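Next up, some structures in structure tokens.
In the two complexes below, chain A is the common chain; its partner is chain B in one and chain C in the other.
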Partner chain A sequence: MTATEIAPVGAASPQHVPYRPPRAVRYGATAGLLVLLIAFPLVLPNPTVTSIGVFTMIYLIAAIGWNIFSGYSGYISIGHAAYYGIGQYTVALITIHAHLPGGWGLFGLLPVAGVVSALASIPIGFLLLRVRRHTFIVLTIAIMFILQLLAFNLTRFTNGSGGLTMPFPTWTGNFFNMPFYYVGLLAAVVAGAAAWWIRRSKYGLGLFAIRDDEERARGLGIKVTRSKLIAYAASAFFVGIAGGLYAPFVGSVYPQFAFDPTFDLAVAVLVFVGGIGTLSGPVLGALVLIPLQQYFYLQFGNANLYLIAYGVLFILILRLLPGGIVPGVTSAWRARLVARARARQEDTRPEDTGLKDDAGQKGRA
Partner chain B sequence: MSVIQVTDLKKSYGGIHALSGCSMTFEDKAINGLIGPNGSGKTTLFNVITGYETADSGQVSLRGQDITNAKPDEVFEQGIGRTFQITRIFPRLTVLENVHVAAQRQGFVAQARGWDSAAERERAMEVLEFVGLARLAPEIAGDLSYGQQKLLEFAFITMARPSVILLDEPAGGVNPSLLRHISDRIRALNSEGVTFIIVEHDMEFVMRLCDQVLVMHQGSALTSGPPEQVRSDPAVLEAYLGTGPKEGS
Partner chain C sequence: MLILQAIIDGILIGGFYALMAAGLTLVFGVMEIVNFAQGILVVLGAYLSYALYSHLHIDPFLGLLITLPAMFLVGVVIYWTMIKPIRRDRVIMSLLTMFAVGTVIEGILDLIFTSNLVQTTTSYVNSSVQIGSLIFPEIYLYSFAMAVVLLSALYWLLYRTKFGRNLRAAMQNPTAARMVGIDIDRISAFTLGIGVSLAAAGGMVFGSTNSFDAASSYDLISRLLAIVIFGGFGSLSGALVASIVMLVIEDVVAVVWSPTWGQTTFYLVLILVLLVRPQGLFGRTAVRAQ
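For the complex of A and B:
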């Protein structure tokens, strides 16, 4: 091929302003956050506080997992509690039937919970992923409620509304929450690493292409059905692990808390608030909203008042930062840099950059 | 020699026959123009060839190999790339990422590796350079102007070195200088052996660029031949303008 001699319309070269903060800032922030999260229960060992930490880790794993599918592919699932529940029942049933004692050994079941959830997600995903957008969302909710009904009614298997009781670990006092917290943090780091890996892979680029225009992606050789199904199973894997951590932590499994519609809403809302499709969005959303939710719970009891707070916050975010906090802040930051670069350019060479003015709520920040 | 041959293709939507026994031969290494009045079935033919629609009956073959009702990804892997009437790019990805989407890789390990391998990046920059968008590589594609998006779509379908490129109205909504640029790029690729099939309403563009012009009317082939011959064919004028009042009636 030969280089073009004719410059296409409006292709005057603007000085490129990156869409994301520099690598050093991103890596530094990640490392700093990790140190804070490791130090947190050591600095604040109060069980009330560390229990908030455990719930935050459970939702953090689920949010990162959910984002791998819904954030990357654009298919919004409001039924991932299906896998949260399957993860819980997997751990509870194995523990009970194998007469396992409470304690460290149960954490070994977390990968099992993930694998069982992922395996269950394959036939379900195969059916669901034949439809798109709104129909898909409605069907994910339906599947979740079908599983909840099964959990209520397969009484010989699940003990129905009587629920299953898990053996408690022998840990006491300030230490009780620590193993759950650190195992949760480890699982969240693994989930985050997977999300990062997928995002930078060729496979992940295909998922983002599907999000933007599935038919166009198909016409460029992307195996869309396979790609979506793999992402769906990967996200079910991590949500299953979140469920597997929740069951031994609270010590019981009930159909309405395993297949819990408010879990679905919470996970979706916190990812939307943080920034859907981004790496840091689910982390930010979980670290801000789950402690807030737990605070409401502790302050006002089990009145689900946090859902009202979530609703208000969700509306505010949609009004003010439609892409979520992370894309909103980075695009505002970039808009400033663009304005500065333009001012510099106009000083030296007044020329059209060929780009629209709107920096937009875009990008894979 | 033919590159794509369609034989007796039929496609109906309810009572509407979008393709009613369409048979056509597109010449290899040529710039084939496909014209016809609105609703004559040109885009449906494109959709059937590229797997976006399934034919009710009939056959599509690529160099003698049957590709009837192959899926869009399979058709692309066979070496047929296409653009859409309304430009379709990935607006939230960068220009460079857009081009990389079309780079083909087989196997799990290859898919798990980073998307911007050195060899692919070199090729991606080459195709961006070719259409004149290299300097915009790191920008978000949705921020490009309409004309630049059209060039980007053209660039990414060439990424995998297709042997046949189907362009659906490349001149639509494009200013004259950009149109010259697009024609120039089409000619350059054609001289390297790429076959083009171009659906276009801009007759001047078609007549100037194409080696062969095929005319569709009411879902089937009306006529074909060199541009000059087609331009003066009374049947073509009739298809476009309708039958005039007959003398003495």
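For the complex of A and C:
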């Protein structure tokens, strides 16, 4: 390897060169996190704490799913509650009409919720993806409200504002939250694996190309519309699963909580906080923010103080971490490495810089 | 005759929806900000009028002399403290910020006024004028007149004053406008102020004709966004036409079919329009993302 190949040190704008920690660190951190998440309810079996865990898992699945579309392709959707709601209604309607008992069997419906959401997302995505940027954002919100309205109005299916009631599982006490938590964790791991696989696949590179310059991506032969639609359906699939987990957990489905505008924005905010378009961003965002949000909710029993605290928290985060945690930390770390490599370059030969590892990396951490 | 009545109702009610939608679309046109808090700001305006009327016995229309400047200040303050500091991803970050601001306002309103539904019930809210077999509720007549006055004032401001010329320049090309010496920040702060006070004017009527609480804002914002998309984001005339069209469709469907399907029918029309014209009725052609 010659000095000219080691781009980062001498590159015109080094901030465009992404930094990734060594593979051992990345895999070690992932495994450590998984162990922590698996052990968490066993160490703290208090139902109040584990229910925070379940909500965190639901948002984690949704955030990873949302990021597959919005993070990778750059099309920001603030209407993914549409699929959250479809997932909830799918599970609730099948359970009620097939007279299924509450319990383990309902988790079998999660993939169904995902598939129904993904199928519904295809015509919707076809309509939405004709426009870009802010028009796209606003249209996604509008579609979500249309579905909410339908859920209110199609009373024969959804019982309108009366909502649907799910059968409760027979689990009791500390154990009640555990199945939801572990199934949620499993779904989150699957979503994470999908996000990881898409990110490093050729298809994923196509999505990033669309994010960076859609016309040029088209010019390079990427089937732009199809790529976007597939990503949209994939993200709808996971958000639908999140909804499918939520419905039996809370035991009821209401139009305003199924197609919930605050869900949309919460998911977007936590991905932005973690770092949009990154793998670890949605995970970090969900694991930090949702417990905090749930803590506020439990702390301020009445809704209004909670709303104020939640809103102020959002404002502070958006103000203090506009770029997200992951990009912020990695760029600071990379700057440090570059500085150290520069310093070393001055007394040794260029081949010995510590940057060989990431010179060929394409993605961001 | 019922249908004619429904059309007239739709036009009259559409008038004050046009006020709120005009505020939303104007703010978007100037600074590409989707003001997701517009719904709760309408409710804030409604509560201000309600409080003035129920505690100080100030007529809501007269009270606008107090609420409009107050809400203008709210808008200006929101711009300088919340929107101005945003450096990157302005479109999405401003939307999320406005959502957060709206959440805080919702919490505060809920804290002060509780979640009991209230309505500003002035003497003329339930009276109406009858011409032939057509009924004109007085409150709608007054509010329609007010909407015409305020929107005319807005058009005058935009098309007959130096401020309006600067504002339109900022809408067409912010960079070029800045280069010829237009203070974009000042224009933006003023525009948000105007947008928020228009929300307050609409809110006054909303609070007189509906019983409301802080949570009413979600229904409002969904309608307002739909109106603005239908008319074309950033287009003032589009917002006016779309408001009337939406309310007329809603009221006519309510009469000939069922009230629950009025809004849904409008949304279906919206989707059909978008299939043909993704940028909305009066929208500028979607320019390439910068």
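The working rule: the second predicted complex is superposed on the first by the 309 of 365 C-alpha atoms of A that agree within 3 Å, B and C clash if a C-alpha of one lies under 4 Å from a C-alpha of the other, contacts with A are read in each partner's own complex, and residues count from 1 in each chain.
Keep in mind that, in the parts below, contacts are C-beta pairs under 8 Å (C-beta built on N, C-alpha and C of every residue); 3 or more make two chains touch, one makes a residue touch a chain.
Note that the structure is predicted; figures quoted are calculated from it, not measured.
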| item | value |
| --- | --- |
| Chain B versus chain C as contact partner of A:Glu215, first or second or both or neither | both |
| Touching partner for A:Ser201 - first (chain B), second (chain C), both, neither | first |
| Partner chain in contact with A:Arg344 - chain B first, chain C second, else both or neither | neither |
| First (chain B), second (chain C), both or neither touched by A:Arg336 | neither |
| Footprint overlap on chain A, where chain B in one structure and chain C in the other make contact | 215 |
| Contacting residues of chain C [partner chain A, same complex] | 28, 32, 34, 36, 82, 85-89, 91-93, 95-97, 99-108, 110-111, 115, 218, 221-222, 225-226, 228-229, 233, 260-261, 263-264, 267, 270-271, 274-275, 278-279, 283, 286, 288-289 |
| Chain B-touching residues of chain A, taken from the complex the two chains share | 1-4, 6-11, 13-14, 16, 18-19, 197, 200-206, 208-209, 211-213, 215-224, 354-356, 358-360, 362-364 |
| Residues of chain B touching chain A in the complex | 50, 52, 71-73, 75-77, 81-82, 84, 88-94, 97, 100-105, 110-115, 126-127, 129-133, 135-136, 138-140, 142-145, 147-148, 151, 156-157, 160, 175, 177-178, 180-181, 184-185, 188, 192 |
| Residues of chain A that touch chain C when the two form their complex | 76, 78, 127, 130-135, 137-139, 141-142, 145-146, 148-150, 152-153, 214-215, 256, 261-262, 265, 268-269, 272, 303-312, 314-315, 318-319, 322-323 |
